[in-house]
Amino acid sequence: QELTLQLKWVTQAQFAGYYVALDKGFYEEEGLDVTILAGGPDIAPTQVLAGGGADVIVEWMPAALAAREKGLPLVNIAQPFKQSGMMLTCLKESGIADPTTDFAGKTLGVWFSGNEYPFLSWMSTLGLSTEGGPDGVTVLKQGFNVDPLLQKQAACISTMTYNEYGQVLDAGISPDDLVTFKYEDQGVATLEDGLYVLESTLEDSAKVTDLVRFVRASMKGWEYTRENPEEAAEIVLENDETGAQTLEHQVRMATEIAKLTEGSNGTLDEADYQRTVDILMAGGSDPVISKAPEGAFTTMITDRAFD
Amino acid sequence: MKNHLPVIHADNISLTFQTADGPVHALKDVSLTINQGDFVSFIGPSGCGKTTFLRTIAALETPTGGVLDVNGMTPDQARKARAYGYVFQAPGLYPWRTIAGNISLPLEIMGFAKADRKQRIARVLDLVELGGFGGKFPWQLSGGMQQRASIARALAFDADILLMDEPFGALDEIVRDRLNEALLELWRKTRKTIGFVTHSIPEAVYLSTKIVVMSPRPGRITKIIDSPLPAERPLEIRDTPEFIALAHEVREGLREGHGYD
Amino acid sequence: MKNHLPVIHADNISLTFQTADGPVHALKDVSLTINQGDFVSFIGPSGCGKTTFLRTIAALETPTGGVLDVNGMTPDQARKARAYGYVFQAPGLYPWRTIAGNISLPLEIMGFAKADRKQRIARVLDLVELGGFGGKFPWQLSGGMQQRASIARALAFDADILLMDEPFGALDEIVRDRLNEALLELWRKTRKTIGFVTHSIPEAVYLSTKIVVMSPRPGRITKIIDSPLPAERPLEIRDTPEFIALAHEVREGLREGHGYD
Amino acid sequence: MPAPADGFLRRGVGAALPVLTVLLAIIVIWYLAAVWMNAQWVQDQAARAGTEVGFGDLVRQTLTQDRPVLPAPHQVAIGWWDGVFGQKITSKRSLVYHGWITLSATLAGFGIGTVAGILLAVGIVHNRAMDQSVMPWAIASQSVPILAIAPMVIVVFASAGVTGLLPKAIIAAWLSFFPVLVGMVKGLRTPDAMQLDLMRSWNASPRQRFWRLRLPSSLPYLFASLKVAIAAALVGTIVGELPAGATAGLGARLLSGSYYGQTVQIWAALFAAAMLAAVLVIVVGVIEKATLTRMGLAR
Amino acid sequence: MLNALPILAVWLGAWGLNTWLSRLNTRTTRILVPLIFGVTLLLLWEMIVRLYAVPSVILPAPSQIGASFVANRGILWGDFVQTILKGALSGWIIGSLAAIATAIAIDRSPFLQRGLLPIGNFVAALPIVGIAPIMVMWFGFDWQSKSAVVVVMVFFPILVNMVAGLAATDQMQRDQMATWAAPYWQSLWKLRMPAAMPFLFNGLKITTTLALIGAIVAEFFGSPTRGMGFRISTAVGRLDLPLVWAEILASAIAGTLFYGIVALIEKKVTFWHPSQRADRG
């Protein structure tokens, strides 16, 4: 059975579980022929799914729910990532110590293309405008790297615990010179990498069986990754076609990712889901989603997978 | 020397171009008969319709009035029957073909067999004294040689009627003299019917059996002069009183019709 | 009629161009004296160095041998002293300037005052019978009119020496006759020294006080003919025996030096 | 025959000397700029470490940084050399491998664009309705931001089951058809009225007129625009590789260099792209020269 | 298959109409024909999207795009100002002026010309968009970095054209200047500059579209929260495809206008050039 998975971003250890499952033959064991498509800055996985270019996508829940409200019936079928790895990393010299008071008037780097929702929610809970000015924050569309911080073009930039933060350290800035605000700690964490399909896929029982097998094999891959981060990193490296990744960085990423997948067998925790929805709806004037979605997730797949 | 079979017969030809600035009467009520073997020169100031008349004969323009008859056909039928060899003022050779290739082009288009083409090319090259230059590209030749090649091209497919629009306009006087001699020689040998446009009075007088003087606005024929000169014409004939008298007559004819701006 | 002040004196001038195919002897041992008020025609087959000699006088080329003296100066000093009005074969008008603007251009460069410029432009436009066309752009005029404008431009700043390189080469015979008459008239009025290149024997004979026949490879003077014709020359003079004899002499001179290929 | 060889040599040196001088000047300016632009970081680091740097150290450190703002020429050269010769050409770290991916899409796009451009030009020259309809829209098509279209082209093609080289090639073709169209229309229209009249006086068919007159006359124009078009195709491919989730190719290499702030990698990829462009243009130039010489059009 | 019939019918109908109109060849039809062509394309697009039920997240219909264009005109205007006016236009102007000045400066030195021209020709053919990430790193997020990319992109094509233009006078014209003993600046102003204009405008026209590409590509590597490139990538993330296409439409309109304005100025400045003059007949 053929199945195509669209990743959210480029080939890196963030998606190690899937690559490991592919490489170690876990998918094959389940009788699946899986193709993994790497993502990129302007690839919106939701759009690829809608266009029929993929059967399953890795996406963050805010983007998925926003797309659902736009009329694209996305359903979460599994949630390998239990925790959020997102944070804002600031230079200490910028004088930011407390998010509630110190952000005003500062310039912050943010990722767009559907990744801006957690940040926007946070700012609206803080009551800060994102339109600049002394009482708001100036937002930059952050590119793909941590240069804005190194070049001091922004006071803070978005980083993931497992990726960009490490790059800041690699660039020669010591943790002592940095201040970090994890979304988890700020109480604005939303669910990240989950697996999503279209509602219509779930109406096809043959497809559902495939998905069950797919999720089971993927989670086996994640388990393997947690136990063998180094080997997982090597597998990722082999699959990276740009040849830009380094083993060192991927090992660190695999190790950090392990902390985020810890405690999830892939089944979505309804409480986490509810918290994410609440945060997204909390945003004052311009919430990411305006009403509580219905049928945006199903545990049927994971239930059958781990029965 | 004249042959009394009429080849081209124009009866009250008119041609008006519609332009943005209003109509231009390039030809008005032009009547003329050209017989088999005639060498007819057209002379007249710029814009008097010489080119237009030649083009009309060759069916490159369609008259807006009058009847034109070529060997009992319409000009367009005659064109399709490949009755015309046309030589323009500039040689207009194709730079990507050798001289032989250039002469071959119309033959290819008309579907002559390869062997036949080869033989014809050799013949006309000799005729214009360009034997041995067939393999050269046009830009490797002088202007005079190019013009001879272009005449060879028009001769190659043995059209009955040769139409030449100021073929020697761009050449210097000495080269022109030589080509004039060569053209006369050719005409004597082949007895083709030739229509020849020129700006030069001596050239017209030297070459023609019939000189047609035209005048502009509207383009019309003001005088037709039959030449009393013999067919055999050495270059020195131009210093004879007959020649000078004839040239004088042409010049007077020209001046009468000349509205100079 | 001649005036015996020498203006241009060439003594054994040679000019060799170094080209990829070896040296070209454009001029070899050319000696000539031109007096104040002379009208000198240069005639000869293509490539005999007529243009090169005119350009050498105007300091547009530097001779590789010999001495050239213009009013006691080197040609380059004379050029800087703005001694020359040069008319090229093509009109060479600037398409982005009107006719008046074109005539004005050398005047601007030479620093004439505005009012003076205006007056001079009006004068020379009248002289070449282009009054009323000052506001037109070059491309709106016929070739003959453009050529007259270019002559007007060379006249506007009253240079002592007028050098003209086949100025009427591209015109039809009738227009050419008119311009020849006008040029003679102008020369009679102003008594400028004129160097004039042409391919046409009648033109050279009709205009000149001195005819210089040249011959190519190497470019050299083969004959210098002083004209016995009077200064007053109606067009009809061309049908007189003196004229025809002179023309014949020039043609013979030409033919001698002519290596025709 | 020492003379011609000597002349050739002298001419060669005569042509090379000014270019070399300018190149040298550029390299010197580049080094100065590298020192100047990278100094800030060296000083920041020193300040964080609480030390002072002397001038000698400053220069040395600015030219050896891992993540320089502007890498020094020798760093780029080493990065490029390592990318081209330091790897197996099948390695994903090899610039040859990525260059090949980009090249194949470029050539495919160039091919599609050229064919499209020529066909449109032929249509325009022979059909007045097309002449008046197509040109304004062809110009408009070039103002569409292809970078924005690129991901969508990829998605639309992917949804139709087409992935890989073709979508990128389409984007390359989008940029390269235009110069071909413009040049070819001009070229097909170069035969003057006289040459067309000659054809008519020989009673040539439209087909003969096209193959024996219009097409050969247009070739010099075609080649001139092909040189522009192939460079444009390369730009198109690289732009197509940037956002569209391409995982290999020089564009992807530029981007992944950008992800990880590896300026040397960006510059090395940039130089590889530059050289690819130069080689492509030169190859078209050589073909042009050969063809035109054979046709007797090159003098 | 049946769906294809009406599409085919519209196509053939419009084609026939255009063929007929183009025969008339009047001033009105010369405007009408391309318009009909464009409208037909839009119509076909609309029909394909509707008849084959193409999801709007893949390809929205022109009607949706139009509606989005109208509804979002405030945003579109802001993006236009940011990307086109501040980024592309400023860069284009600076780049052009710099190129013209450089061309004049090296015009007097054959040595520099021989040194710079081959390099200029070479650089003009390079995929310069690749410097966008570097420029964002150097000049920051705002329009300055976009402008810088555009400056570098347009500089060499204009330089090469301008240098060629300054050399485009013919021998006779230069000789004329010599016989009048014209000093350098006079012959530059009165001869070489006007003669160079057709070449210069050739370069200016080519670079209008380059400027747009450069500015938008650079936004991709970092930008403030406005600009056409920013909006497009954000809107794709939000699956607001009609807005994406509205931006594309805006950019196409802006680009065509930009080109058109330059072409219009060209027509005014080089009115004398044969290519600008309607020939007889």
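Each chain gets a letter, A, B, C, D and E, in the order it is written, and its residues are counted from 1.
Simple rule for what comes next: a residue touches a chain if its C-beta (ideal position, glycine included) is under 8 Å from a C-beta of that chain, and two chains touch if they have at least 3 such contacts.
Predicted model only: the values in this text are computed from it and were never measured.
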Both-way neighbours, i.e. chains that touch subunit D and touch subunit A: E
Comparison of A-E and C-E by number of C-beta pairs in contact, larger one: A-E
Approximate Å spacing (C-alpha centroids) for the pair subunit B, subunit C: 33
Inter-centroid spacing, subunit E versus subunit C (mean Cα positions, whole Å): 49
Chain centre separation in whole Å, for subunit D relative to subunit C (CA means): 52
Multi-chain contact sites of subunit D, meaning residues that touch two or more partners: 69, 151, 155-156, 159, 242-243, 255, 257-258
Contacts with two or more other chains, residues of subunit A listed in rising order: 41-42, 44, 47, 51, 143-144, 147, 151
Residue numbers of subunit C (touch at least two other chains): none
Residues on subunit E engaged by subunit C in the complex (per definition of touch): 170, 172-173, 175-183, 186, 190-191, 194, 197, 270-274, 277
Complex interface listing, subunit D residues touching subunit E: 15, 18-23, 26, 37, 69-70, 127-129, 131-137, 139-149, 151-152, 155-156, 159, 227-228, 231, 234-235, 238-239, 242-243, 251, 254-255, 257-258, 263, 266-267, 269-270, 273-274, 277-278, 281
Residue ranges of subunit B in contact with subunit D within the complex: 55, 58, 60, 79-80, 82, 84-86, 88, 90, 92, 94-98, 105-106, 108-110, 137, 139, 157
Contact footprint of subunit B on subunit D as seen in their complex: 194-195, 197-205, 208, 212-213, 216, 219, 295-297, 299
Subunit C-touching residues of subunit B, taken from the complex the two chains share: 45-46, 142, 172-175, 178, 199-201, 239, 244, 248, 254-255, 258, 260-261
